[in-house]
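Look for chain A in each of the two complexes below; its partner is chain B in the first and chain C in the second.
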Partner chain A sequence: MICNLKSTARFAYVIRGGRETRHARADYHKEAVQRKITLMLMISPRMATAIQEKQYAPTLLNFFVYNPKFGPREGEEEKKILFYHPNEVEKNEKIRNVGLCEAIVQFTRTFCPTKPAKSLHTQKNRQFFFEPEENFWMVMVVRNPMTEKTNREGKPTVEYHEEEIIDTVYGAVLQQCYNMYKLFNGTFSRAMEAGGVELLKQKLETFFYRYLQTLHLQSCDLLDVFGGISFFPLDKMTYLKIQSFVNQVEENHSLIKYTAFLYNDQLIWSGLEQDDMRILYKYLTTSLFPRHLEPELAGRDSPMRPEMAGNLLHYGRFLTGPPNLKDPEAKFRFPKIFVTAEDGYEELHLIVYKAMSAAVCFMISASVELTREFCEQLDSLVGPQLTLLASDICEQYNVNRRISGPEKEPQFKFIYFNHMNLAEKSTIHMRKTASVSLTSVHPDLMKILGDINCDFSRVDEDEEIIVKAMTDYWVVGKKSDQRELYVILNQKNANLIEVNEEVKRLCATQFNNIFFLD
Partner chain B sequence: MAADVHNKKVAWETQNGSLAPVGKLRAERSDSPTPGLVEGTEPGAGQDDAMFVHTRSFEDLTADGEEGEDTDPSGPASGLGTPLGDREQPEAEPVGPEEEQAPEAPAGGRAEEEDVTSEAWRGRRKHVFVLSEAGKPIYSRYGTEEALSSTMGVMMALVSFVEAGKNVIRSIHADGYKVVFLRKSPLVLVGVAHTRQSERELTRELLYIYYQIVSLLTLTQLNHIFQRKQNYDLRRLLAGSEHLTDNLLKLLDRDPGLLLCAVSCLPLPSSTRDVISSSLQAAKSKSLVFSILLAGNQLVTLVRKKDQYLHHMDLHLLFNLVGSSSSFREGEGWTPICLPKFNTAGFFHAHISYLEPASDLCLILVSTDREDFFNLSDCKQRFLERLRRRSAYPALQEATRSPSYPVSQVGIPELRHFVYKSKSSGLYTSPELPAPYQTEEEQERLMGLYQYLHSRVHHTTRPLRSIYHCGERENLLAWVTSGFELYLCFSPLGTKAQAVMAINKLLKWIRKEEDRLFILSPQTY
Partner chain C sequence: MSEEHYLELCDNPVQFENASSVNNVFFDEANKQVFAVRSGGATGVVVKGPDDKNSIAFRMDDKGEVKCIKFSFGNKILAVQRTSKSVEFINFIPDMPTMEYSQECKTKNASVLGFCWTSWNEIVFITDQGIEFYQVIPDKRSLKLQKNQSINVNWYMYCPETSVILLSTTVQGNVLQPFVFRNGTMSKMSKFEIELPAVPKPAKLSLSERDIAVATIYGQLYVMYLKHHSRTVNSPGAEVVLYHLTREGACKKTHVLKLNTTGKFALNVVDNLVVVHHQSSQTSIIFDIKVKDPDSTLNVHQPVLPARSIHPYKIPLRGPTAVGSQTPVPCELYSSTWSVFQPDIIISASEGYLWYLQVKLQPAVILLKDKGKLMDFLLRRRDCKMVILSVCSQMLIGGERGSLPVIATVFDKLNQVYKEYLEAEQSYTMAVESGQSRGNPSLKRPVRTQAVIDQSDMYTHVLSIFTEKKDVSHKFIIAVLMEYIRSLNLFQITVQHYLYELVIKTLVHHNLFYMLHQFLQYHVLSDSKPLACLLLSLESTYPPAHQLSLDMLKRLSTANDEIVEVLLSKHQVLGALRFIRSVGGHDNVSARKFLDAARQAGDEMLFYTIFRFFEQRNQRLRGSPNFTPGEHCEEHVAYFKQVFGEQALMKPATL
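Moving on to the complex of A and B:
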């Protein structure tokens, strides 16, 4: 949410530009900042008469889970509700809101029994419906972004921006909520079988109470729709080294069922199913890694890395499990996750071990008890090797960067996603964590990318869309053979033909001409 | 009288002016890369005053300023309105469209009753429902209102439930279809569409249907009826008018004019058109406000009272009235009609007649006086005489034989079809549909693509200057400048370079042909 004084709609636009520059962004925003300064100067004498305006970003209003079968009789409606955020909401209002969702879903079945409603648009908010398991409904209610103005009489008026929110983005966020729950708790029906409604309610409460606080709805964008995995580009030699490292560890510890290897928040190797890796990757990169960033940045003598002193052989440490191997009294446990198995789901311990920028995840069946001895063994085997590998990869990475020449601000930025291997690449996002997504382009351009993505998802055909925005940026979207590419070009005076040539060059250099459609 | 009739003009202006986001962008559009084509100088721009109320491609759906205050029957419109009582007793000689058309409603249209639980009913491309605030069915495009009364009850329940939370329901989205709600008190309109149209486009279509109903009753009467009896069955008053709504929905699916808020003209040598216009201008009468000559769904000419402008929506409603009733062919029709964008409170009286029974040429004379039938009939005779004297009639007849032109006239091989709208004149031109788009299904598909482009370039918060869409069946391009809107459809083999060249060539061609394709010098009495 940003609060600011302003007098015209035009100025509102500049302020939004200004918000980005606070995060120190690309060159073309300098212009916006300058414009903002001039405007400030222009309007400041009239500030007294200016209308006060406050801008509000989209926020989470409600989030609930219900099952219509649990309270079918009148008077028992409350039983349908399994989780409701915020919990303070009065009981009758909860029942009313759940009732509306039921009615909407039921109503749309009149027109298509198999494809019920996915979202409801109202003036003030949008509701997203998702039925992840039969009869279990998850609903997320997002308040539309709005502007609050105080007019000359001093009366506040609110204007809702109804077309700012893109359905596919928030629909994907809701599905992510479920997938994240499932990763740590298994399915809803599993909890029902294990301990009935009470256990499910308890699990939902524990999980979503914390998880919902990490949802940052204002920074959701196209990348949430893809939910892809960023892969680390690597030469063959180094890749083989990593693979032999993984094989060696798995051979030494036959308990390990799956392994995943990441460098710099990017995936290099994974033995998990794609869909499991996708959600685990999301957890690691947006939640676990950012939480453990500080000790590495801290100096050697800093109290934040106490256990480092005694261990000069390597930089390895556990991100999950025992925080300090030297302390025999310290209790520890590994988080459990649920992944796809031949017969439904299997429960696993998740061990995440990190040395410098290299991280490796080992997954071991939850039925095995993991002892301190095991951790020590793993530490002494993996620690030194991973430290070595990390510096190898780092060196290789720097060599490659030098070869590709000094980095200069390119004329274009792009997002690429491959539906087959979930590979995603973005030069638009600086860094994506749970709390902030730093993009280098104006939010409206990001939304145009979202619009193009919606257009693509409607037909299963190869398509290309080139648009020129009102700000004169060109945006190109290409969909070909399960791959999608979105390019934003900062060549305002270019024409359609030149833009096409530029994108062709980009495809040739970055993607080996995988996009054939002219 | 004239001032009286036009008392709503101010309201329109503010309404159009309140399209805030677009308003902001207008200034930006004027420094578009085509300096020669600023508004008013683009091909097809009228030389003098425009004929129409100046509108953008989208009606503002949020500004309700025009209504509400009209509910007082003794209000400003009372001088021109016909009270409802008069409507229920059709005037003696002339044919009123709603009352007398019911028996001869087209056999294919409403006759069969659909099973509302069948796959076929569910699979309909676009459903439209109209209901009263009491949840009573008023209209359904497919299936009888009786069979759907419970569904409509649910619709009303959803609307009021959301309203109870001081909120407004807009739409429901599911895989492959949307449900759009439009609340225009005292009516509620609901559309269910399996098309790619945006929520906004669908709302605009519902607004058309709303105005269609208002045009038969006036909003004043509509409010009055429901104030008196909340659960009144409006079908009793609208009986026989369903085919008008059916036909309007068909037009919305096929006619780019309704999408663009523009009208297309019958291609005609400007000398001939000038003779017709001046003949029509000369055949004036005291209470005559608009004289409109149509050829099919194209405009031949329009003469208006000075300072009185017709809104596209009203003209399209007139087109629809003429196009969906065959009775006007049998003689001179005399019908009260409300032009809701002009004034929702009162009736005009329209004299509608074909120049010849077998011809497509239809003359509509719109008057403020309900006793004016013989006067207007006389106007028509004077117009015809003058036309014959100046021997313009054969040329006009000749032109109606080829009401359109093939796209090949433009001489761009890759170009399959286009729609060009001159913003300042509110007129558009478009060639006849070529080979792959001649079936009804393909025609609607092409229109669907244009609707898609239109909704993207005119997005409320993220409008675009241009969009190029390259698909497997065709390539499309839309370009909006301060002066014009252009939508092009190319063969899928066409390249972007060819498309860019085609635009320039096409604009030159339109400029060359503009005095044939557009009405450049509109007339007033």
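Moving on to the complex of A and C:
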């Protein structure tokens, strides 16, 4: 049972440059050059009551896709619905819910035709609307987190915590749903062109039936908003070796159109464009890699059994495609993905090959038939080299760590994100697994991060927000140009000045190689 | 086929009167001079040198048949041997007595085998019983014995470059005793034995001077022994065995060159390559002793290139009819009248020609298919630069395009040599700066050989041309450039800015901005001000270039002024001021610059803030908030008064 720590009050001191009224001018200049600081205080948590409480995390209530143009006439409303989760819901209720959404969207459009409603807040749940393609709407309904209490009479009462759900986080989750669908299926209109509504429905059903099961709404946070990519820190020489490897493989197999290289689930090289890589990275790190990690941990499918190719020992194996090259009978297929190309999109085979901690993705035009011989050739070319590279990277990484020393390891908990290259870094999140993403801080602190992010997204200028949270926690958000940094500090009796100094120190050690205004 | 002849005779041979019954021809290996002695000198002696076009001609009395004739260094003194007992001398120094003088060998009953000059006035007599080292005193027309050594001598051999005389001793003649002459001293080196293919019984002279040659290869002195095929030993052919001769220590057998055939051979050394001429097949082969055979610990070498004949050579017709433009006739190569001298000289006495043998590198490019081996070979040659660069070009463009691993190997080989030179240069500079050069004659500025192919060579002759090619895929271009940068980094060579520029140009040209971004993210393109400026210029087509550029300027830590300029140009006046303050430069910046930018931003409050900041600075630095005339801020003061009123100006602080 977790004590519910919750803010009861929020004060904001705003000292902003250039927006001050005239009478404040006399003192203004002192602070203006200083910084735009927003300071917020979160006053102590409410005491946990002795009464028994039961906590419920946010859960997915409904998820549906519709197109209002498909059943414009009365009595044909069902035709609008392309996908509905859960499917068991009675038909009329489906129609009602879809109709409601349609109405809300239409209604809000009158206020701002270009920006229709994004979400609807109610006491019990929240609805998110997203129109990824013209007239195609995706709606996700999330039940608010709640506390169930049994009062003195033994009667259960439910308290909803509506404010704990952040629009940007779940809005981003909904967009991710679409992007993931698009990665494996192409756009909705593509399915429509290829096989009409029936095909689209079928594709939606197949995809979302499985995908929705992997949504873990309770652990969504700021990182979902960023949808960033974690880059593996690497010295120049090893990086160039990887370049050399990628170029050589691409030269050898001219079929390969794009290559991506990852180590330890972190990106090192992407031949794909940024936006495609972003979603592919999401798939690899939250779905494909964790899925293969678990059997490895269980000792099955062990990579510790090296393959012999000639005299060279290597640990390479396919994560997609043929699970075992030795079995000539085994059927295999590579997943297909869709990425943007000059003329719309292109369909590609996704080959993911891994040796130790290094993984390479090779993407080949889907029009090419990939044979077993091709896989064998690729295996014998890539396996030994990748094994060698993986151990090189590992060694180099350890060397660098030893040089920088453990004392340089951040004592701080922070999240960094750069909009320009989507680089993200978090010392808050533990390793992601297929099922949950673990954070090492209290959800309430995560929520403050989300709030600060919302504040940042409203203004274009550089800003800094410092929040005093419960107990001894301070949360600092900084925005400089296209970069955002969020720091969580826990210092006994620290004051504003000390916290500020601490963050300065962090920037000086962790971010001294980038232009980060303080 | 003709482009496969990798050996050729030089274009400008030394011509002399061909040997005949009345004309004796001598060759001096030390001065590389050919002596044509007509009728024992009475009707004239003509001396032709390697490069001095003006030959020397003189007469001397015919006192019998000349056995040996040589000038001392600088043509100061002429030595002539006519008998086996003595040597005669004639001064060629102006204002010196010109009458001949003579020196008999000191050892009784010994006969003089020959003599060698070791300096302008020092000479060594080699007799069958030892050697005698003399100093010639030309003005006194006499010689002074410096040193002598008794030893039974079968024959001798002289290497003028190193002043080493090799004596064949013992009955079989296979124990060689070297002596070295330097600065007027004679010193004995350790003797060594040549392994004979078979030991004759009874013992007799078995090692002929024809089978021995002495030459310097890669700066080291080697005795080359032509070991003929022996029927008793089951070997497939003759060999050349190399003995490494060092000043100190024993002479060691170090290399074996496999000839894979039998017959008559002759040896030359050209450009550190051992050339073996085979007379019966009329071909030659070359060996490079630096080519390592990874399979054997013994240095057994196979020819670098397949056997080819020397490039056909034509000479003008000789004789009375040879007037004007006669059609040249082919010269008979590998003629039995040829004499071969070390290191690279071939003389045809019957036709009156002296040639230098030369190695052509272009045919090697065709004959050596393995690009790695080819590069190793070329990098060790003297005139290799243009050939190497053309190989690099061919490897990137055209039908015989190399694969990336091959290209990588070639780049690594080039940069290895390049790095070695840079390091030598650096340690020399350091030694000079630290003052070690004084009193240290061994410290020499490293010689930059043609094999040093630097970045500007590669850029000018190979890469810039290659990247302009329309028919090469950009993927390949980028891969090659990255491969070159990788190789430079491997050897820790600082990459020049123009190479990065080439990479960026190529990437931008093909809209590969994300790739560029990733390269910069991993600092593959090293930070520099020019690169940062280049990035700034890309901002309009690729907005993130702005951030990349600022980051780079920040890391340089010497570009604070540039950062301020960038921020001001973006109207980020406050940001610029905060930045310059954070690096402690706000006391020195121009107030006018910031006020200008604030005015342009069109934000009154911003202007107020900046104005007030500088008023405070004035107060702090000069005790008054007013701007000095030198700051040229009058216009801004007026504007400030106009917008905010005179009373808004800061009052001077009163104590």
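Keep in mind that, in the parts below, the second predicted complex is superposed on the first by the 434 of 518 C-alpha atoms of A that agree within 3 Å, B and C clash if a C-alpha of one lies under 4 Å from a C-alpha of the other, contacts with A are read in each partner's own complex, and residues count from 1 in each chain.
The criterion applied here is as follows: a contact is a pair of C-beta atoms (placed from the backbone, for glycine too) under 8 Å apart; a residue touches a chain by one contact, two chains touch by 3 or more.
Since this is a predicted model, take the numbers as computed values, not measurements.
Student: Would you sort A:Ser244 into first (chain B), second (chain C), both or neither based on which partner it touches?
Tutor: In the superposed model, A:Ser244 contacts chain C only, not chain B.
Student: Could you say whether A:Trp269 touches chain B, chain C, both of them, or neither, answering first, second, both or neither?
Tutor: second
Student: Tell me which partner A:Thr157 touches in the superposition: chain B (first), chain C (second), both or neither.
Tutor: Neither chain B nor chain C is touched by A:Thr157.
Student: Once the shared chain is lined up, is A:Thr214 touching chain B (first), chain C (second), both, or neither of them?
Tutor: Neither: A:Thr214 stays clear of chain B and chain C.
Student: I'd like to know which partner A:Phe231 touches here: chain B for first, chain C for second, both or neither.
Tutor: So A:Phe231 only meets chain C here.
Student: With both complexes overlaid on chain A, does A:Asn421 touch chain B (first), chain C (second), both or neither?
Tutor: second
Student: Report for A:Ser457: first if it touches chain B alone, second if chain C alone, otherwise both or neither.
Tutor: A:Ser457: touches no partner chain.
Student: On the A-aligned overlay, A:Gln482 touches which partner chain: chain B = first, chain C = second, or both, or neither?
Tutor: After superposition on chain A, A:Gln482 lies in contact with chain C alone.
Student: What is the shared patch of chain A, the residues that chain B and chain C both contact?
Tutor: Of chain A, residues 462, 517-518 contact chain B in one complex and chain C in the other.
Student: Which of the residues in chain C end up touching chain A in this complex?
Tutor: Its residues touching chain A are 403-405, 408, 475-476, 478-479, 482-483, 485-486, 489-490, 514-515, 517-518, 521-524, 543-544, 547-548, 550-551, 553-555, 563, 574-575, 577-579, 581-582, 603, 605-606, 608-609, 612-613, 616.
Student: Given the complex with chain B, which residues does chain A contribute to the contact?
Tutor: 9-10, 100, 103-104, 107-108, 110-112, 115-125, 161-164, 167, 444, 447-448, 451, 455, 458-459, 461-470, 472, 495-497, 500, 517-518
Student: Which stretch or stretches of chain A touch chain C in the complex?
Tutor: 17-20, 25, 28-29, 32-33, 35, 231, 234, 236-237, 239-241, 243-244, 247-248, 250-252, 268-271, 273-274, 418, 420-421, 423, 462, 481-483, 513-515, 517-518
Student: Under the touch definition given earlier, write down the residues of chain B that touch chain A in their complex.
Tutor: Chain B reaches chain A through residues 20-21, 24-25, 28-29, 122, 127, 151, 154-155, 157-158, 161-162, 167-177, 179, 192, 196, 199-200, 452, 456, 459-472, 495-497, 499-500.
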